[in-house]
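Each of the next two complexes has subunit A plus one more chain, namely subunit B in the first and subunit C in the second.
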Partner chain A sequence: MIAEAIRRGALADYAERFTTLYETAGSSVSIRELPFLAQLNLRVDAGDTAVMGQVTDYLGFSLPLTPNTASQAGDRRALWLGPDEWLIVGPDDQATSLEQALRGGLGGAVGSVVDVSANRTVLEIRGSKGHDLLAHGVPIDLDPGAFGPGCCAQTLLAKAQVIIERRDEAPAFQLYIRSSFASYVADWLLDAARAL
Partner chain B sequence: MSRLPEGGRIDRSRPIRFTFNGHTYQGCAGDTLASALLANDVRIVARSVTYGRPRGVFSAGSEEPNALVQVGSETMLRATQVELDDGLEAASLNGKGRLTSEPETARFDKIYAHCEVLVVGGGPAGRSAAQSAAQTGDRVILMDEQPLLNSDSDGLPSNVRVLLRTTAFGLYDQNLVLAAERRADGGRLWQIRARQVVLATGAHERPLVFANNDRPGILLAGAVRTYLNRYGVAPGTRGVVFTNNDTTAPLASDLRSAGIAVAAIIDIRREQAIVDTDGDDDGLRAVTLAGGDRIECDLLCVSGGFNPTDHLYSQAQGKLRYDERFACFRPDGKLPNVTVLGAANGEFDFAIQPCWLVPGTNGDWSAHFVDLERDVTVADMQRAVNAGMRSIEHVKRFTTIGTGSDQGKTSGINEVGLVGALTGQPIGGVGTTTYRPPYVPVSFALMAGRNRGDLFDPIRLTSIQPWHVAHGAVFENVGQWKRPWYFPRHDEDMEGAVQRECRAARENVAIMDVSTLGKIDIQGPDAVEFLNRIYTNAFDTLKVGFGRYGLMCKADGMVFDDGVVMHLGPDHWLATTTTGGAAAVLDWMEEWLQTEWPELTVRLTSVTDHWSAVAVVGPQSRDVVHTLFPAIAVDTQSFPFMAIREGETGGIPVRLHRITFSGELAYELWTPSWYGLALWEAVMAAGQPLGITPYGTEAMHVLRAEKGYIICGQETDGTVTPQDLGMGWIVSKKKPFIGQRSHRRGDTRRADRKHLVGLLPVDGEQLLPEGAQLVLDENTSAAVTMIGHVTSSYRSATLGRTFALGMLQRGRERFGTTVYVPLNGHVVAATVTEPIFYDRENVRRDS
Partner chain C sequence: MLIPCPWCGDREDIEFKYGGAAQIAYPANPDSADDAAWARYVFFRPNPKGKMAERWVHSAGCRRWFNLVRDTVTHEITPTPAAEERR
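Now for the complex of A and B:
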């Protein structure tokens, strides 16, 4: 509880502006920060079936091997970032247990596990115009036919690196944004929303 | 008024007031500025760029070479494409646009779109292509530069997205199409990636080239029909048609229906010609025929044939060939995933007798205009050919023909025909000039989109930024970061603030936000070997729980970046980089790992944004740290220099490092960024009884310079070796590293290289400008040899005087000597010293 009082999401100051946007956009688009998610960067050789098996056991699901897809079980997800790189995402306060589990999963094999929970904050963009809003700054095709549930991608939003994920059928995108870029991205989205 | 009583696709019930060159006029909804000006009998829209000749509306589309106007801050607009809007204020553009110094108030937007089929051009061919492409359910975009389609778009299926007022101006690799949309409040730049591009862009009519063919009242024949039938405007009262083809056949009846007398139809195919025109300040008054007959008229409709609009196809490297039958260039062969349809593909049905030139009556060619926008005449082209130009590209550059904002849409093919005629080459052999994007002028504001003001480039902020703002920090840009530069109190100036901040760090305790340092997590069994190769110094002796300063060079042996490398655990390290160098260092490391050293098993992860970092600096910093972390023994033996500890204060997890960049006893406290502000506030609270002072980058620079610590990029510029800096101590002789071999080159071992030195101006009040040159001779009235330069220069509260660092030839041999610094109008003397001014014994860091 102490932690709640002293931790601060990178976009804590934007909550009111996001609410205003939701009201002016006729609820067709909403933006909110999902701070404090546990995020672990995992690097491991995907060809090492023994290690991959152990990581699967520890996580409870297999790491996605198809580029730009995510897999999940329960409240944990894994986003494919590269042939030997994944972002493991879980709820708040699971960073330490996930880090230990993943290290255990490596079983001393070669790889790396890095707690990057505070490296990026997560913005959720939801609503019928969410796709339109992102189209102003994201060069990749986010149409459901090209970027459906379970898809993720590392790309740019305007001039900021982002990871974009679509979790399910709902019209919603999760954007993972480096903390120092978060206010730039938020300002940019609020400005672009005026063109909707 | 020349508005017809009925007809056209305008709304007479919605009058629109506008001004042109300060005069107020009235048009209708659906008008363009051009049609409204014609409806108000405004014949002269602009004056030509070179000769100042009066010019009027010439076309009805984006090919317009004459009627260029300025509307607000937007310049080089074609009146034929400016939709009439209430309150529109337009002005003539006489040749060149005027950039406004007023802030831009229009809104410019960018958007990406993706589709299976993009159809450019909403005429019959484009519309039918869109319709059939949509049947598969694919995403189809149909784009047209007009505000409405010829036929209603209602009948199109829902998977066809129709973009009106949108001009595709560039077709790039892999079918990236850029298009400019005109919007009431500004514009929007479309970046469309299409699997298939269908070009149904139609054709441009071209004029005939005869003497005085540029007068207001002379219009392209097709444009006249557009003004009559679409806008309900009569562009004249008594018309003559001058043609070489039968597309003009319906024109006479259109003119008569509008009440315009048809005075003559002059057809080159019947061996008739107009050889000159007469006019006054208001434009055309009469034409003179071959044979001498003079016909009074105020409207001349000309047609010299049609050119398929193949600019986009040609931009994408599509080849064109000359078609003898229709006297035009048309697509030859195919481009992958690009289809050209209809008139754009040369699919015509008319008869034509090509005519590139109609001689005048007196052998003078200086009023035979080929390019109206650039004011290029047949005489200019003759000069080019007489000067030896044969290639169409050379003639273009010699005459500037086709280089106007209209890109020669109405002049280009006449130019080709004329070069053929003047040089005796077949037209197909002359070929066309290269079509380049943009097809229409595109404003810088549109290209910038919302990348302006605060959104021009990302502004990176640390988690502690709200505190800095609330406490009046003045910021400086460091790369994309905003960093506090200094924290002025009340009406303190910068110098006062920096001196106070420095004194606090030297005498008391001070605090700085150092979150912007680059941070790279390094894991793997070969991490030590990797670090040994990257850095000039060795890391294999560094124990877990300690950090070490490291320096890295590029392969040329020149200093690249520096930072502290922490040994966090077995096979686990963390390297810090300079704030500005973070991304370049990570790229550099990855490049070596991936391309040169695949045998090393090492993984790199950027954690720059994960950590917020607070430097607590000064002789009393230990007290502050002790207050915050009572469980951690902070005496020098228990927590030695460069050691790392883990702690927690008030629920904030913190990693503590004994690191100094000031020479003072100092700690860096790291915490995950969402705790950053809380940690800063906790340190401020703990330090308050001691008068803890926040400081910015300027004081940090002064403090490090007093100790002679370099800043990569300030003392170094890519031409400086560690040895030049007097840092040979950090260059290992026992192990290989990047740049080592270059340190054995003759050039890097030269005795007369520049060395890092200290500089004390003889007048301790004199602040040397950074970048100032160093010379040996006090007399600089004659040329003197520059032997060095000032890299850093400050006023020091601690030293009670100014001081500087510099790079000086044979600098280490010159300690104690005097060099001179030529400034504006006078010369300043400075004593060369060792590059360290304070605490030479390094005792303060452990004090």
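Now for the complex of A and C:
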């Protein structure tokens, strides 16, 4: 018997339930998993302008220095996680190229680049009631006035640590959830969606 | 209760963990510190009724430690200069 490696998203089993939600709630709220995104944790001294410049050159865009914001270029994005810490996100097949770019940018400077792609899966919550759904369990203000396009935040959703991001003007949030918490968060969201 | 993270701004207290009293000075000459001096450093903590300098960590957010001054009676938090709190 030949062992076969099968890759499954952390929430592959929930696809049907997400579809059912879409069929009942329509365009007001929908949930889908965006599995297998390349995610890299970068730590580097933000005060070292030479290294930050190199990282910008290798990466193709500059890291956000304002807390709780994201920057992007094409299909790559960088989320602020801390004053010396970022999450670089790209498409599935770019984990290696992103890692090489970040290592090149870091050069010999003090810092680290870690592939954390398997650490989190991403849920996209889309629709006019997506904000209401998250407001059931998130302690921060997600109103567009306080949390507009390009904002991200690390917070708690129903006691589970999540990163929430609003990419653009569209009524959609990206939730970065720890893989081990993914089914709990998905169950919680589906339950909360019934109360909308 | 809202706690002002020096990086993320005001956040709910459930996102934070408490780190006890701030400004506990390490013995100046650890080689010559006697048991009483070590005991004072390791075990003795202020327990004021009123303003207290404290360590907090934004554990569910940016995971940074910082200092703030909280009134233990009213929970009122006194603003701290950025250079002092981001340590």
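Here is the rule we go by: the second predicted complex is superposed on the first by the 191 of 196 C-alpha atoms of A that agree within 3 Å, B and C clash if a C-alpha of one lies under 4 Å from a C-alpha of the other, contacts with A are read in each partner's own complex, and residues count from 1 in each chain.
Just so we're on the same page, a residue touches a chain if its C-beta (ideal position, glycine included) is under 8 Å from a C-beta of that chain, and two chains touch if they have at least 3 such contacts.
Predicted model, so just to flag it, every value in this text is computed and none were measured.
A.B. asks: Which holds for A:Pro139: it touches subunit B only (first), subunit C only (second), both, or neither?
C.D. replies: A:Pro139 sits against subunit B and subunit C alike.
A.B. asks: Quick check for you: in the superposed arrangement, does A:Asp93 touch first (subunit B), second (subunit C), both or neither?
C.D. replies: neither
A.B. asks: By residue count, is subunit A touched more by subunit B or by subunit C?
C.D. replies: Ranking subunit B and subunit C by residues of subunit A touched puts B first.
A.B. asks: Of the partners subunit B and subunit C, which touch A:Arg178 in the superposed model: first, second, both, neither?
C.D. replies: Once the two structures are laid over each other on A, A:Arg178 reaches subunit B alone.
A.B. asks: May I ask you to decide whether A:Asn68 touches subunit B, subunit C, both, or neither, giving the answer as first, second, both or neither?
C.D. replies: A:Asn68 contacts subunit C only, not subunit B.
A.B. asks: Just checking: does A:Gly111 make contact with subunit B only, subunit C only, both, or neither of them? Give me first, second, both or neither.
C.D. replies: First partner only.
A.B. asks: If we overlay the two complexes on their shared chain A, which of subunit B and subunit C does A:Glu23 touch? Say first, second, both or neither.
C.D. replies: Neither partner.
A.B. asks: From the superposed pair, tell me which subunit A residues show up as contacts to subunit B and also as contacts to subunit C.
C.D. replies: 139-140
A.B. asks: Spell out the part of subunit B that touches subunit A in their complex, as residue ranges.
C.D. replies: 107, 109-114, 139, 188, 191, 193, 450-451, 454-455, 457-463, 466, 481, 516, 521, 523-525, 601, 603, 605-611, 650-652, 672-678
A.B. asks: Show me the residue ranges of subunit A that touch subunit B in the complex, using the header's touch definition.
C.D. replies: 2-3, 6-10, 13, 35-36, 41, 43, 110-120, 135-141, 143, 146, 158-160, 178-181, 183-184, 187-188, 191-192, 194-195
A.B. asks: For the complex, give me every residue of subunit C touching subunit A.
C.D. replies: So the residues of subunit C touching subunit A come out as 7-9, 11-12, 14-15, 60-64, 86.
A.B. asks: Would you tell me which residues of subunit A are touching subunit C in their complex?
C.D. replies: Those residues of subunit A that touch subunit C are 67-68, 81-83, 85, 139-140, 153-156, 161.
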